[in-house]
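Next come two complexes built around subunit A: one with subunit B, the other with subunit C.
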Partner chain A sequence: MSLVSVQGLSVVYEPNGAEPVPAVKAVSFDLEQGDFVGLVGESGSGKSTLGFALTGLSRPPARVSAGSIIFDGVDIAGLTPSQLRVQRHGGFAMVLQSGMNALNPVRSIRNHFFDIFAAHGHVSTRDREARAAELVGKVQLPASVLDRFSGELSGGMRQRVSIALALSLEPRLMVFDEPTTALDVLVQHAVMDTIRELQKSERFTAVLISHDLGMVLEVTERVMVMHDGLIVEDATAAEILAAPQHPYTRMLLSHYGDPRAAVVEVPGLASRGTERATDVAQAVAGGAPVGEPVESQGEPVESQGEPVETPVGEPAPSAPTAVTVRKREGRAARESIVVSGVSKVYPRPSRRDQPVTAVNDVSFTLEPGASMALVGASGSGKSTIAKLITGVEHPTSGTITFGDLRIDTIRRRQLKRLHTEVQMVFQDPYAALNPLHTVEYALTRPVLNYSSLRGRDARRRVLELLETVGLTPVEQFAARLPHQLSGGQRQRVVIARALASDPQVIIADEPVSMLDVSLRAGVLALLDSLRETWGVSMLYITHDLLSARLVTDQIMVLNKGSVVEEGRTATVLQNPQDEYTIRLLDAIPAPRSGAKGGSRHPQESSKKGLRPPATVPTSSPPATVPTSSPPATVPTSLTSPRSPS
Partner chain B sequence: MTPTGTTRPTRPTTSAVKTISQGNHDAGANPLRVILRAFLTIWSVPKARIGVALLGVFVLLAVFAPLLAPYGATDNSFDRSEDMSAAHWLGTTAAGQDVLSQIIYGARVSVFVGFVAGLLSTIIAVLIGLSWGYLRGLAGDVINFIVNLFLVIPALPLMIVIAAYLQNGGIGMIVLVVVITGWAWGARVLRSQTQSLRSRDFVTAAVFSGESPARIVFREILPNMTSLIVGSFFGASTAAILAEAGLEFLGLGDSTTVSWGTMLFWAQNSNALLTGQWVLLFAPGLCISLLATSMSLINFGVDGLSNPRLREGATR
Partner chain C sequence: MRYLLGKVGLLLLTLWAAVTLNFLLPRLMPGSPADAAIAKLAQNGPVSPSTRAAIEAQLGVPTGSAWDQYLQYLNNVVHFDFGVSYTFFPQSVASLVGTALPWTLVLVGFVTIVAFICGTLLGVLAAWKRGTWLDTLPTVGGTFASAFPYFWTALLLLFFLGYVAGWFPTSGAYGSAATPELTGTFLLDALYHSILPATTILITSLGGWILGMRSTMINTLGDDYVTFAEANGLHPRTVAIRYAARNAILPNLTSFGLALGGVVGGSLLVERVFSYPGVGYLLYTAVVNQDFPLMQALFLIITISVLLANFIVDILYGILDPRTRR
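Now for the complex of A and B:
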């Protein structure tokens, strides 16, 4: 008999005074003892709701409306909270996405364990200390963490502690809800390894809920793909990799690529390799992943009654038809941003701490029309550089100039002048738009502030901007409020707003990290096409090397505030020199590599890759600059006193 | 439309600010509709419904006092210290005035002071709290010092001192005293919310849109904390009503005006309890507490305005 048997389970959300929304629709599946199952889907697919229902944690407004969850012979859908609590010992446990925030900051880690032991009484008072030490040992933490408080632990350590807490009741079913999403890329990987090893040694049944199909395929044996409240595919990881059945699964898969490959391509975004790294690309032309036909991609993405998102890859994002090469009448000549020897030291947060050096002696030049990636894990100083360039903060030492404007010492009054030319695209499209203002208001303000257009002219310009970013019909979108837009559409509005002042430089701070995989390509393609048609230069800040590979020509890898590697994106990513870059590359889930749970050593995994770059002389310098697209012809040299490697 | 907050598990949902903005998500462009929707939200909470009804009664009493009161408020042509009777439902005072008429007329002062003083201190709190929250550096420090000063000084002694200096200034004086001593707390609350909102991306985005600081504060930040402001208004009104009654009871107001506070003052002076006329103390006291309670009850509904999770029945 299987451990868990779910039959026709439906969950609805019944918010006060609103229509009930079905989140999970008549789902059925079985889990055997010791299974490691991935549950994959994009936001709104109902995967977390299902996870909560599995562990009996559904709370109003969510309600299990139909079906049964038989756990070891007992239907937990009908249990009362107190019965459930008893059931949790030796039953089921859940590790939450924000499990790191689930710890009480004023109680030591030891107390967290002791609370659980006391509540269930399964560990005698004498053995508590030893048992707690054993549990943290299982998640590879020293016993000394028991004395600490959650504020003294890093995000990864806290997540490990919450996994250990979940383990303390010897559950037979563990549900991990996005256990690594809130963590730094490098830490993510380590925590995932811990989970995988634990599952092997403890033999509990594990359900891993994630939006990241790549990671799930790498870690789990069986994958259930959820879409719109239904499980659309339920197969082993190998089967899904080899022959995905459902179009939605195929669409999700098509958005993964290996940034180390010679040619990197996702649907809706032209290959960077073929266009720019010409020398490399021509060698391996046929190796591109089999993308879905453009028409079928958009279809499964639209779900949940959300406003219609422009399907990725439709003509709309490629703006050249709407706006041809921009004329910049009466505006400053195109200038480059020159950053030289910039450091930023934050004063020590408290008396005991050392001052924090966020950026350490960084120099680079962002030429007009260039696109440069700034990559690094969190805390590497990449966002600080964005703040310094946009004049939000002043560097401790070094100079930043934009034409004749000194950004490093800029005054509040001059900021407006700077922002005419340097604009920013924010990370979180859900936070970057005021929920109370319409799209038209959000776009009209910068137009009024930065141009002499008024009244009808200003409105025409706003509609023009909307058309540029592919939000048509423009009149309809102009009247919408942010909550009536999907994430991808919001990010397009944010981009349109950044364009309103007709800037020369756009700083994009993780513009797609909050978006679903299927929407990312569309936004990236938009940014890329804007760069070419408007001639704006772009500083693309990210931790995601794949997207960096797709939209940038140059790359700078930051570690702890210092540049550890720089050069042409394709060259650096295919032939990384610095160990930090290699670690970043390793942290990327690569479902296509087929190496499941195998070695993650760069050489080996690249050999296993579908598109072996080994056949390509990657180290050869870029021989010719392509002449096809004008902005790309700008010599995009990195002038830095520091030499890579 | 799918509630974005519930079906978007991949995003870290941490700040309380987020829920506030969600509460205001549905706010349309039409201000009338916004007010109507806000009222309906408040009305949907049973406690707040009682509060609204109570407040409505008092406001009607105040507005239609001349029509409702059986006699004039200062008419002292009756027998003194009479007990309750058909002619005088609540009896008469030691000066020979009808108590019921005084109660009805007295509502005017309390409601007026409550609204005016509450409104004024809220306006000051909004102006200072928002700019204080948005500004950094020296200006912020100066405001910080001033607000803390007002917060540390015990309000009642300060009120008494100020009122004693402005001898018998009437209602205007009382409003002034209440406003001076009452705005600081609201300013502090609004400031902390402003500080948390100012670090939101849409505020930074407004800076990039070239907006002036004043516009950012009042067009971007202010609308996102409507519910807090409404809540702080009702809080300030309650405090103002209580302070007004307190000051008049202590004899620091103009004792010739007819208000619940002065009624208490005169009742105390004439030893109403000793003479067995407990109604003289009881009736105005009950009215003061009922009016204050109605405001507090409405604030339960205002909680729901700002945060859908606090709406009663939403989680249980």
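Now for the complex of A and C:
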């Protein structure tokens, strides 16, 4: 008998005085003892709602409206809260998405454990100290964390603690709801490893809810893909990799790629091979489009005659010239941002701490029309650099110039001039727009501030901006309030706002990290096209190496405030020299190469392409893998139509 | 410990600053009390030198350097010597304040604490049983009651329960026949007299505590650690008290500190309406009669009580919130 059997389960949201919204629609599946199952979907797919229902945590306005969840012979959907509470010991546990906030800030970690032991009485007062120490040991934390409060722990440690707490219930089913999403890239990887090891050693059934298909494919054996409240695909990880059946799964899959590959592309984004020959700076200067000779480091041969546009030798687009010249009339000539020897030291936070060097002797030049990636884990100083370039903060030493403007010593009065040319796109589109004002208002303000357009002209400019970022029909979008827009649409508004002053430089700080995978490509393509058609240069700040590979030509890798590696994006990512860059690359879930710690030599790995499905951690016999997808054809470009060759 | 020492140090420093300001401010003003009195007289005609000398002798003229005066002042403050009241001559300011302070501290202080505790508990209950009658009744009732200005509530109670029904005395802290002493009869009499003013303060301040606690509690109920505690099968009472309410009370402590600090100075209207012999009533009398020594002493007392209340709340924070201890 299955451990969990879900039959025709429906969950509806019934907000007060509003129409009920179905979130999970008659879903059925079984979970066997010891399964490790991934539940993948984008925001709004109902995956978390399903996870909460599985662990008996559906709370108003959510309600299980139909169906049953048979857990070990008992329908937990029909239990009263107090019956359910008793079931939790030895039953089902949940690890929440934001493990950062899953701990009571005013209770010590020890008391968290003791509360659980007291609630279920399964650990006596005599044994509880030893048991708590043993549990934190299982998540690789020292027993001393028991004395701590959550505010004294890092994000990764907190998430480990909440895993240990869930484990203290001795559950047979553990549901992990986006357990690593809020964590730093490198920490994510480590926490995921812990979860994987625990699942093997403790033998519980695990459900991993995530938006990240790449990670789920790497970690789990079986994957359920959820879309619009339905499970649209339920198959082994190997099967999904080899032959995804549902169009939605295929779409999700198509947005993953290996930044190390010779040619990387996702739908909607032009392929970017070894190097791009665009030299917008020259185009802007009115020079003839010059196709730069391109070194061919990667091997486009890998695409094996697929209809992938090979970028090598592609002439620079000449179209932007005309557009740009028209647009830039009466404005300052294009300038580079030159950062030289810049450091930023923050005073020590308290008497016992050392001063924090956020940025340490960083130099680079952002040429007109260039696109440069600034990558690093959190705390690497990449956002501080954005603040320094936008004049929000002044560097401790070094100079930053933009034409004749000294940004490093800029005064308040000159900021307006700087911000006419340098604009910022923020990470969180949900927080970057005032919820009380319409899109039109949000865009009119900068138009009035930075241009001489007034009245009808200003409005025309606003609509023009909306058109530029692809929010059509423009009249309709102009009248909307932020909450009436999707995340991707909001981010387009934020981009339009940044464009309102007609800037030369856009600083994009993690512009897509809050967005669903399927929306990311669109926003990235928009940013990329701005550069090509308008000649806007872009500093793209991210921890996501794949997107850096997709939209930038140059890259700088930051670690603890220092540049550890820089160069052409494709070159650096394909042949990383610094240990830190390699670690960042290895932290990317690599469903294609199966196990972690995949080859550090991209040329080799891309030649090998997909490893045989047998190396994907799966219990299913290789025979179930459709033979129509020989690994060799799936190598580098995820969009490649899988021709059964 | 380190936290406690820091807070004690801060308290001493602010106390010193308050006392010094109280010394400096009157001296920064042009003229002296004698000048003010003479100027008043001068409106009715010329003031003879002998009158001037008499007034100066009566009110006193500063002698010695500013530093000597300051040391003298500090010495006086330490010995609770604030001079003689103009209004209640020849009673000393210290004895006047000493008589009034206990009445206010006991009545208003006690009621403020009771209101905070009751309001917080009702707020916890309202948030935990959200949407039931346990939520609606205290919330609506509290909002309704605290919507009245409190002197208006005081007048209503005074009129209906004191005057019309005659159940409670309408003024004073004890019956005219009684003399203040520590006997059972006197304490009962004082208690009887305090019911109306206490009820007034309770009614008008309870609603604020209920609403404040309810809304912060509803916020913490939506926090992840509450969901996680439920997911771990903790007892509902543990979740409500130790997880939700325990965190929800923290922001309300600040308001409690402010309310506690306002106990001494803020009871003016209630004490005026009920002719209650507390600090508020005394301050009112002092202001009306331009009794400068009394006012100066009362302002100092009010400042000190605010500082002490903040100190108490800081200590409470240190106990209740581990994040402040670092």
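Operating definition for what follows: the second predicted complex is superposed on the first by the 541 of 645 C-alpha atoms of A that agree within 3 Å, B and C clash if a C-alpha of one lies under 4 Å from a C-alpha of the other, contacts with A are read in each partner's own complex, and residues count from 1 in each chain.
Here, a contact is a pair of C-beta atoms (placed from the backbone, for glycine too) under 8 Å apart; a residue touches a chain by one contact, two chains touch by 3 or more.
Keep in mind it's a predicted model, so treat the numbers as computed, not measured.
S.K.: Looking at the overlay on subunit A, is there a clash between subunit B and subunit C, or do the two fit?
M.R.: clash
S.K.: By residue count, which of the two partners contacts subunit A more extensively, subunit B or subunit C?
M.R.: Partner touching more subunit A residues in the overlay: B.
S.K.: According to the stated criteria, A:23 is in contact with first (subunit B), second (subunit C), both, or neither; which is it?
M.R.: first
S.K.: What is the contact status of A:250 with respect to subunit B (first) and subunit C (second): first, second, both, or neither?
M.R.: Once the two structures are laid over each other on A, A:250 reaches no partner at all.
S.K.: When the two structures are overlaid on chain A, which partner does A:450 contact: first (subunit B), second (subunit C), both, or neither?
M.R.: It touches subunit B, and subunit C stays clear.
S.K.: After superposition on the shared chain, which partner residues are touched by A:520: those of subunit B (first), subunit C (second), both, or neither?
M.R.: Touch status of A:520: no partner.
S.K.: Taking the superposition on A as described, I'd like to know which of subunit B and subunit C A:430 touches: first, second, both or neither.
M.R.: A:430 sits against subunit B, while subunit C stays out of touch.
S.K.: Mind working out whether A:101 is in touch with subunit B, subunit C, both or neither, as first, second, both or neither?
M.R.: A:101: touches subunit B and subunit C.
S.K.: Between subunit B (first) and subunit C (second), which, if any, makes contact with A:438: first, second, both or neither?
M.R.: first
S.K.: Residue by residue on subunit A, keep only those touching subunit B in one complex and subunit C in the other, then list them.
M.R.: In subunit A, positions 59, 97-98, 101 sit in both the subunit B and subunit C interfaces.
S.K.: Touching subunit A in the complex: which residues of subunit B?
M.R.: Counting only subunit B, the residues touching subunit A are 1-4, 6-14, 18, 21-22, 24-29, 44, 200-202, 204-211, 220, 223-224, 308, 311, 313-316.
S.K.: Quick check on the complex: what are the subunit A residues that touch subunit B?
M.R.: That would be residues 13, 15-18, 21, 23, 43-44, 46-49, 59-62, 97-98, 101, 177-178, 181-182, 211, 304-306, 390, 392, 415-416, 419-420, 423-424, 426-428, 430-438, 442, 445-446, 449-450, 481, 483-484, 494, 497-498, 500-501, 514 of subunit A.
S.K.: Give the list of subunit C residues in touch with subunit A in this complex.
M.R.: Of all residues in subunit C, those touching subunit A are 223-225, 227-236, 238, 242-243, 246-247, 250, 320-323, 326.
S.K.: Can you list the subunit A residues touching subunit C in their complex?
M.R.: 55, 57, 59, 81, 85-89, 93-94, 96-98, 101-108, 115-116, 118-120, 149, 151-152, 162, 165-166, 168-169
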